[in-house]
């Protein structure tokens, strides 16, 4: 019997990507989709790519909640809490693609997002849905905070080192680059094609809202508070995040030791691929898949280690990870609907 | 029980795309892959995107034939005939991605490709694998000539009109634009990134080898010899063909009549989508899927009809259609392994 | 002594391109720039690329007119007529980048643009500024209608044939492709980077407003009314128009004859380059320059001739041609400020 | 009277860019161009963009040296020394675009490039041509080592801090991203369009040959040996380098102090633009120009400063800087031929 899943905010990029992945999921039936801007229209009118595949009419969020056992919400921050409360009351699984449930500390949330927690108990119940780090908690969760795209790439890139306490405190720098779908479907001058094409720039330098989320996860992994420098850049491609991570090891570490550490840690993970020695990640090796590829590098001249971590921001960085979380929470095989082969070109 | 399939020339773009699609096919097991340039290496070394997904070693074509019930060959023209002969002798299904079996007339083949047919009886047995036009023949075929990418987009774009004899002879002009994967994996100056990026140009103007293939199919559809003007262009994107087709109807035709003609003809086809009135095809609505999208337009000022036809050149224009042909020839559901949802971005 | 030039609408793409070209013009001083959206701000705040180069504050159109001898207006259609009237009254040269003065027939203007001519005498005085065709008229003009980008590429591509009456009436089809700057700086969903990147589609099929302008020019050249089929496409590059033009010659024409015709016609033109036999135009050979490149091709199988014509839509298709017109009207060398070498990559 | 300039290796990207810039230089006449691969052909046959602009035949390097007062050499490393010797003997100015004369230490050269210095005295005479740092030396130079593209962006980005001794030793990390023209005109799989388009990856991580060159310059500026971590990435655009530079100040530094430091240092420089507070560099603001744009950022949470530095790798990172060096060495205005306005789109 299929799981009944609904998507609130289905016409945004992340929302549509959930629809796309669920259409290929053997254990799920999409029961409803909603949109604020296009209520009443067929989804396939907004996205003609969906013509003949899904002919559902866009409803409102209440209809989605009513018809679904699992509700995915892809909304601007601040709008998910209320829907989560309804789902919680009705015993439905709620998976939030936005930032509302990601930060444990309400103070952090206030500082970086500007609002307060109306229902703190929901936040306490919420689980941060990064399966490779918090799998067991996710299995029992009813509210799942799907991680941000940058935080996913960084946390997976650093976990093996931090779990072993191998990083010099204060030494982490993350230079990240994201494809433009990360900026969403909304229009803006810097994502207007002639302004964005053949361009490249950093943005929100040391001020991006994913900073506290990254630090929270890294701190949980290592047990000690971690502070990082985080600089994202906008990359003129559609999909993909590549985070180049710099860290000083607590003690000297050879490339072989580093490689062994990561292959040990991720050897059983289906969605993390540690590149063989000499290999280097590239976003075009993970696009349209749920993989996080990681390559490891040493700078013997300075002693630093350099970790390159690549994901598809729309899949492992959003919709794919959400489906992975749903699979875990619903007792399905973790890779159900996610055996996606990256096309390479 | 799974069909055993092998791919000769698996490291070319079309070959790898067949691998990718077959990995998601529920009724197929890939038994062997070959490559001339990389024999002995793992496929995932040539394409790191395949790491952890398929760890097969590249063999030679003989090994592929020996191990497989269905052999896909993605080779430069002139090299398939010999392998086809071996497959025919052993009763294996042979699907040729190249041009060796596409042209009925050996004279045409000599003129446009420069070689002769060593075994004419194989060519007589071969079936042109465009399912929407020649489905019944494909079902019994043992040698299938998988159509060229441009010819697929053009034949599907014009079939409904030609079947009814509604086109003025000599009036067809095809202005086609293809993504760069259509040029293959081999290096050349005009596909070097800085030369190709931000570029656009026609090539092989009125001289492209797909011209006789297009004309052969159009002639078979309509019963009368068709001569066209065909001009391809190289489009700085990875995937997609868009053919803009101009024709003068034999008698005046309204847009409504045109639309009715196409929706009638393709109403039962799973992989042809006729855009609703007012809609226009875009390659980004079919990329990574097996769809051929068609939109219909009238120019009341001149009386011409304009048909825009879009496919993913690597899927419906190559590997997807090959799988569709395999499905038909093997008695599987025609869309098995091909329920691919285009991502739209 | 320098010509005092001002630009109304300097923050649009065409407006900024005029600024850029005039900054390199030895005989011109920019005296004022205006913008509706950014009045009071420095131009270099809207375009940081201009920092340290031009530090002018954006004013209103009245200030531009008051301070300038030559006024370039880059405005949505319908807004230029009034400014032209003021310029005419004060004896200033007015060069309109928009459509207000391009169509001789008010009926055509009403049908395609939807407004009436408030001051018909201005339209009678206006000259269509395509120098290679109407050079002498431009020299004495005070109101110049700068041609549309598509019309420039098509008129130059067909002029030699039409001047000699060598085209079969009704046989012309123009399949044109434009870079995204042609759509302007305003935001829209189909020019949002993730929607536009890796996309390709026709638009306004047989309905584009440049159609009557193209036909008007072609009719003036040949002396007989010309009707064409015109289909534009949006190309995911920043700059460049390539028009692929199909025509049936009135009598058979060899490629050599065709080539001789064009090299004769354009031999003295500084900004038209007829590609040598075997050559093919590419937008990357004209980007950032004022050239119109033309290559000539024959389809002996159908008798058609095929002309490929490439320009930079922002230069020869807009700002460069406007400067060329200014040069002619002001008695400067026609290529002053326009000896721009295309970078090729 | 014009300076007679010749270009050895004119068909590579840097070579052609020198040709392009010199064509717009009021004080220079191009006397000869050479190529190994295309000797005897017109340059405009290799680059049709040059048709009608420069019709020179490609000769060999000896012809270039014989005919020119200034010789630019754009060659693979190891081939310039010999030509430099000839130029030195004949009193001609030699500007090397390659790496042969960049490193003071022969040991470094051997380690990173693999060859020895045949004529050490030439290397002692050579001047490192970064005008903003070594202007006075360049004025008297006869052999000029034109800096690498990455080193230019990094040295200009860090000079003001290092000159004042304001950086904690060992704290510098450079995460750099380059457009694909930086990889040259030669073909390779990773610059094949479908492999490169929509891709992004680091390469030569902590092993790039520009590392010793960067460290040499930074050490000269500050007086103490500087060691850095340097990671370049390949960016799927044609032109532009953006270096994101991380450093820990020796003592706390406010953003205002940082900004004042840079505007003081570069206030008189024509080709360095320090972005106003709140501004951020973007490669699309410098493309096709000789500018180096720099923006300054603080990370108060970690105390680090972040400097973003953007150039066009083909202009300030290669040909433009070479012309700037020629101007200095020949006593011309430093910006002669270099008043290039970046087009912004």
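The chains carry the letters A, B, C and D, assigned in the order they are written, with residues numbered from 1 in each.
What we mean here is this: contacts are C-beta pairs under 8 Å (C-beta built on N, C-alpha and C of every residue); 3 or more make two chains touch, one makes a residue touch a chain.
No experiment lies behind these values; they were computed from the predicted model shown.
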| item | value |
| --- | --- |
| Interface with more contacting C-beta pairs, comparing B-C to A-B | B-C |
| Chain whose average C-alpha position is farthest from subunit D's own | B |
| Euclidean distance of C-alpha centroids - subunit A vs subunit C, Å | 46 |
| Centre distance in Å when subunit B and subunit C are each reduced to the mean of their C-alpha atoms | 39 |
| Centre-of-Cα separation between subunit B and subunit A, whole angstrom | 36 |
| Subunit A: positions in contact with at least two other chains | 13, 181, 194, 198, 236-239, 282, 284, 345 |
| Residues on subunit C engaged by subunit D in the complex (per definition of touch) | 13, 16-17, 20, 23-24, 47-53, 181, 198, 238-239, 273, 275-276, 279, 282, 284-286, 288-289, 291, 293, 314, 339, 341-345 |
| Subunit D-touching residues of subunit A, taken from the complex the two chains share | 170, 173, 175, 177, 194-195, 198-203, 205-206, 211, 227-229, 231, 233, 235-240, 242, 244, 246, 280-284, 287, 297-302, 304, 306, 308, 310, 345 |
| In the complex, subunit D residues that touch subunit B | 13, 179-181, 185, 187-189, 191-194, 196-198, 236-238 |
